[in-house]
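Each of the next two complexes has chain A plus one other chain: chain B in the first, chain C in the second.
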Partner chain A sequence: MEWFNDFWSTYSTLVFSVGVHALLALSIWLTLSCGLLSLANAAFMGIGAYVSALLTLQLGWSFPLVLLTGGIAPAVVALLIGAPVLRLSGVYLAMATLAFGEVVRITVLNLEITGGPEGLNGIPLETEGWHIAALLALTIYGLARLRRSKVGRAFEAIKEDEVAARLMGINVDRYKLLAFTLGSFIAGVAGALNAHFTFFISPREYGFEAAVDILTMAVLGGISSLIGPLLGSSIITLLPELLRSLHDYRSFVNGAVLVLVVLFLPKGLWDPRRFRKWFGKAKGAEA
Partner chain B sequence: MLEQQLLNALTLGSVYALFALGFTLVFGVLAVINLSHGAIFMVGSYAALWLVSHLDAPLWLAMLGAMLLSGTLGLLVDVLILKPLRARNAPHLTPMIATIGVGIMLTSAAQGMFGAEVLRFPEETLPAGEFIVGGVHVRALEIAIVAIAFILMAVLFTALKRTQLGRALRAIAESPKAASLLGINVEGLFHVTSFVAAALGGIAGVLIGLDFNAITPQMGQPMLHKGLAVIILGGMGDIRGALIGGLFLGFAEVISKAYLSSQMGDAVAFGLLFLILLVRPSGLFGRVLERKA
Partner chain C sequence: MNTPQTLLSIRNVGKHFGGLHVLQDVSFEVPAGGIYGLIGPNGAGKTTVFNLVTGLLAPSSGTIEFQGESLVGLPPHQITHRGIARTFQNIRIFKEMSLLENVMIGMHEHLKYGAGGIFFNSSACRAAEKRARERAFELLSWLGLEHKAAMLADNLSYGDQRKLEFARALATEPKLLLLDEPVAGMNPSEKTLLMEEIINIRNRGYGVFMIEHDMRFVMGLCDRIAVLNFGRIIAEGSPDEVRNNQEVIEAYLGREEEAA
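Up next, the complex of A and B:
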């Protein structure tokens, strides 16, 4: 057991990060699975982190309640902005959510209660490994169920062709709002979990770069199944550790990964169809 | 005091317009949101700085060099990344994601090569001189910036309006397929557009670098967001809209910085962007595009 204790004391933060990033990747997977490219997830994570940290620091709420509120707060925001924002599609939606993220970041930067640019310090350590593991498992289970449900099928129909989905009687606007809000809830919980093990949060962590990181995880892993985001988030979290020697050029690799994946693996790393082609029957390989 | 602010706003606004012009040109012709445009802007200012301080190049030559380098980068992005994606008929968000990656790579490379600290042009390379016109302090530098920005924009407008190349580009903006059937070399013009747009982004970087005399690897990011605000304000792909939107943003920002708070100046761009998208997604001057089913 000793090696495990050594390992844990060195790498527990990293393992925690993998879990939190997995939640974030799943949150963007949810919106992507409904055909929405929303870049607001980092901002939703930030809202969750700040709301939960403030509840802990100022009001001393219990941790489960804090986590729940950390998810509900961004979900309420998502509900409010969802109706007007989700009328937009494609690049316009991406731009609007990006702008929303910046508005959130600048607001947090200028508010007194959030500590401005210095952020919030001394958030007590509340998150434990099993919290993250349990919530991650719960999320995966929930999303797997969702995929196979009527709602999941509706998401897929909307993603494939919005007009056709509408003609089939799917209430497109409502399902889009559902995906957007659920995604923001997951991102908010991830933010709350994250805030309670990093000790410190600042507006810088929830800006454009964070939004892009989250997107990279999903794109790298692939969004055709739930395994993709999990794989992508693990790689993106562990990659910087493996590339420590490159220090200044570490994010260069992130950028390169994004470009190369888009160019050469359009479906992401986890692409069951490609696997079938590679490892399936010889006949399939020839075709 | 107000006159002074207006001058600042004009300087800033003209560079915003120049930057956004390249941005909107790429969207109009290639139908791609090129999110590496901010990083290319940053590369432009580093290139000029390097030419001035390492090769003792005069400023005008450094500007030309910066345009050439950033233009070439833009061309490379088109040839190496956007072209294969076009050939594959990738969904329209894919090139946007790829250019985010390019932006991260360029920013990180600049940070690795030049460090994260703020770099400045040597004092003696900046055009000196200051006039007082009607109580307003006018730096020669500001006049130069506004003049360069407007001359370049005028050249671009004329080229688009009056030359065969411009007519071809406008045809492609309408429909690449139809343009290609008319015998227009669509791929070639995509390359030209990418080069010109990136060159404009690069020179905008030099001008902002000179105006604030502060260059950092991260300077492209806020500019990118402002550029987005401008082209959405003016209508995506609308050349005239980019000019008016750029000037408008310059004024809105300077005025709110002066009369509200310095931090709010940054929020103005995004607040405006967000609002426009909600109220009038086609932009102030844009046409409403119907979705092609």
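Up next, the complex of A and C:
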């Protein structure tokens, strides 16, 4: 067991990050699966992180309640901004959600209670490995169920052809709001988990760069199944560790990876249809 | 035909896009049962009528009623819930989905289970999904597509894509099915096949309201026909009445003969 203890003391933070990033990639997968290019998930994560950290630091709430509220807080915000924002689509939605992210970041930067640019320090270490594992498993299970239900099919239909979906009797606006809000909830919980193992959070972690990182994870992995975001988030988290010398160029590498994937593998690394083409009909099962 | 009951009633409907008057004072009634045809030359405003009925566009004036209730102002999904389904002039199936999934999308509103049912995979949820799958198979088999149920819709031939669109529309359990030029772009044998499918659908008790270009085709198929020309109804009645209407001959048939 000694090797494990050594490994854990060195790499636990990294393993935790893989889990949190997986949750974030799944959160954006959810909105993408409904055809929404929303880049608000970094900000939702930030709201979850700050709200949960403040609840722990100032009110001493119990951790499960803190986690739950960390998800609910951004979900309430998503419900409020969803109606006007989700009228937009494509690039306009991306721009509006990025702008929302900036508003959140600047608000946090200027509030007293959030510690301004210095952020919040000394957040107790509450997150344990099994918390992340359990919530990740629960999320994967929930999303897998959703995918196979009428809701998942409605998302898919909206993504493919919104007008046809409406005329099939689907309340498109309501389902878009559902995808947006559920995604914000997952991102918020990820933020709360993250805040309680990093000791410290600051507005910088939830800005534009984080928004692009989250998108990169999902797009790199591919969004045609749940495996894609899990794969993408693992690669994006582990790559800089494997190539330590590239650490300073992290954004550059991420950007390059995104461009290359979009150019050469538009459906991401994990694309069941391409696999079927490569390996014949035997590998037909989609995850 | 002895069907005095009116299903869809369009009264004094006008539609303009800015200064472009696409429909003016359009009135006609689609009776319950049978096949009703809307014909007219290119750009006459036929598709616009469908877009108004299905709620994709709002009329500039006039009323549209379905079973005595106004449809004006309702969002498209609610109009579908009331019992109107449609197909599109340019086929709009979900290409990335299987045929079965396409049809199951049409059943969306009829699947009654909630979030808890989904998460816990409740027996009610499983039963509803199973019934929906069976019904989807049944609808596909009506159109002879059941053996292709697992295929990706993208891989279908043009004619089969049309049939899939029929099946998907029927899955919403409509009382009235709107077909926008269902046989456009098909060869004569495909046309005949599809015509039989439309008759089958009618025989199963669905009301059919179809737009068609091909005069001969509509004449043999429809119980009543309305003729639209430059946004106005110039004739309405049985195929024979329409065929012998002088204005129609000039506006529509004359043009076709010129072209021929």
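Just so we're on the same page, the second predicted complex is superposed on the first by the 278 of 287 C-alpha atoms of A that agree within 3 Å, B and C clash if a C-alpha of one lies under 4 Å from a C-alpha of the other, contacts with A are read in each partner's own complex, and residues count from 1 in each chain.
To be clear about the criterion, contacts are C-beta pairs under 8 Å (C-beta built on N, C-alpha and C of every residue); 3 or more make two chains touch, one makes a residue touch a chain.
Every value quoted in this text rests on a predicted model; they were computed, and no experiment measured them.
In the superposition on chain A, A:8 contacts neither chain B nor chain C. Contact with chain C, but none with chain B, is seen for A:154 once the two complexes are overlaid on the shared chain.
In the overlay built on the shared chain, the residue A:146 is in contact with chain C alone; chain B does not reach it. Of the two partners, chain B and chain C, it is B that touches more residues of chain A. With both structures placed on the common chain, the touch criterion links A:168 to chain C but leaves chain B unconnected. Common to the chain B-facing and chain C-facing surfaces of chain A are residues 163. Here chain A touches chain C in the complex through residues 142, 145-146, 149-151, 153-154, 156-157, 160-161, 163-172, going by the rule given at the top. The touching residues of chain A, when paired with chain B in their complex, are 37, 84-85, 87-92, 94-96, 98-100, 102-103, 106-107, 109-110, 163, 208, 212, 215-216, 219, 248-252, 254-259, 262-263, 266.
Every residue of chain C that touches chain A in the complex is listed here, in rising order: 54, 56, 75-77, 80-81, 85-86, 88, 92-97, 101, 104-109, 111, 113, 118-119, 121, 125, 129, 168, 171-172. Chain B makes touch with chain A in their complex at residues 33, 81, 84-85, 88, 90, 92-94, 96-98, 100-109, 111-112, 221, 225, 228-229, 232, 236, 261, 263-264, 266-267, 270-271, 273-274, 277-278, 281, 291, 293.
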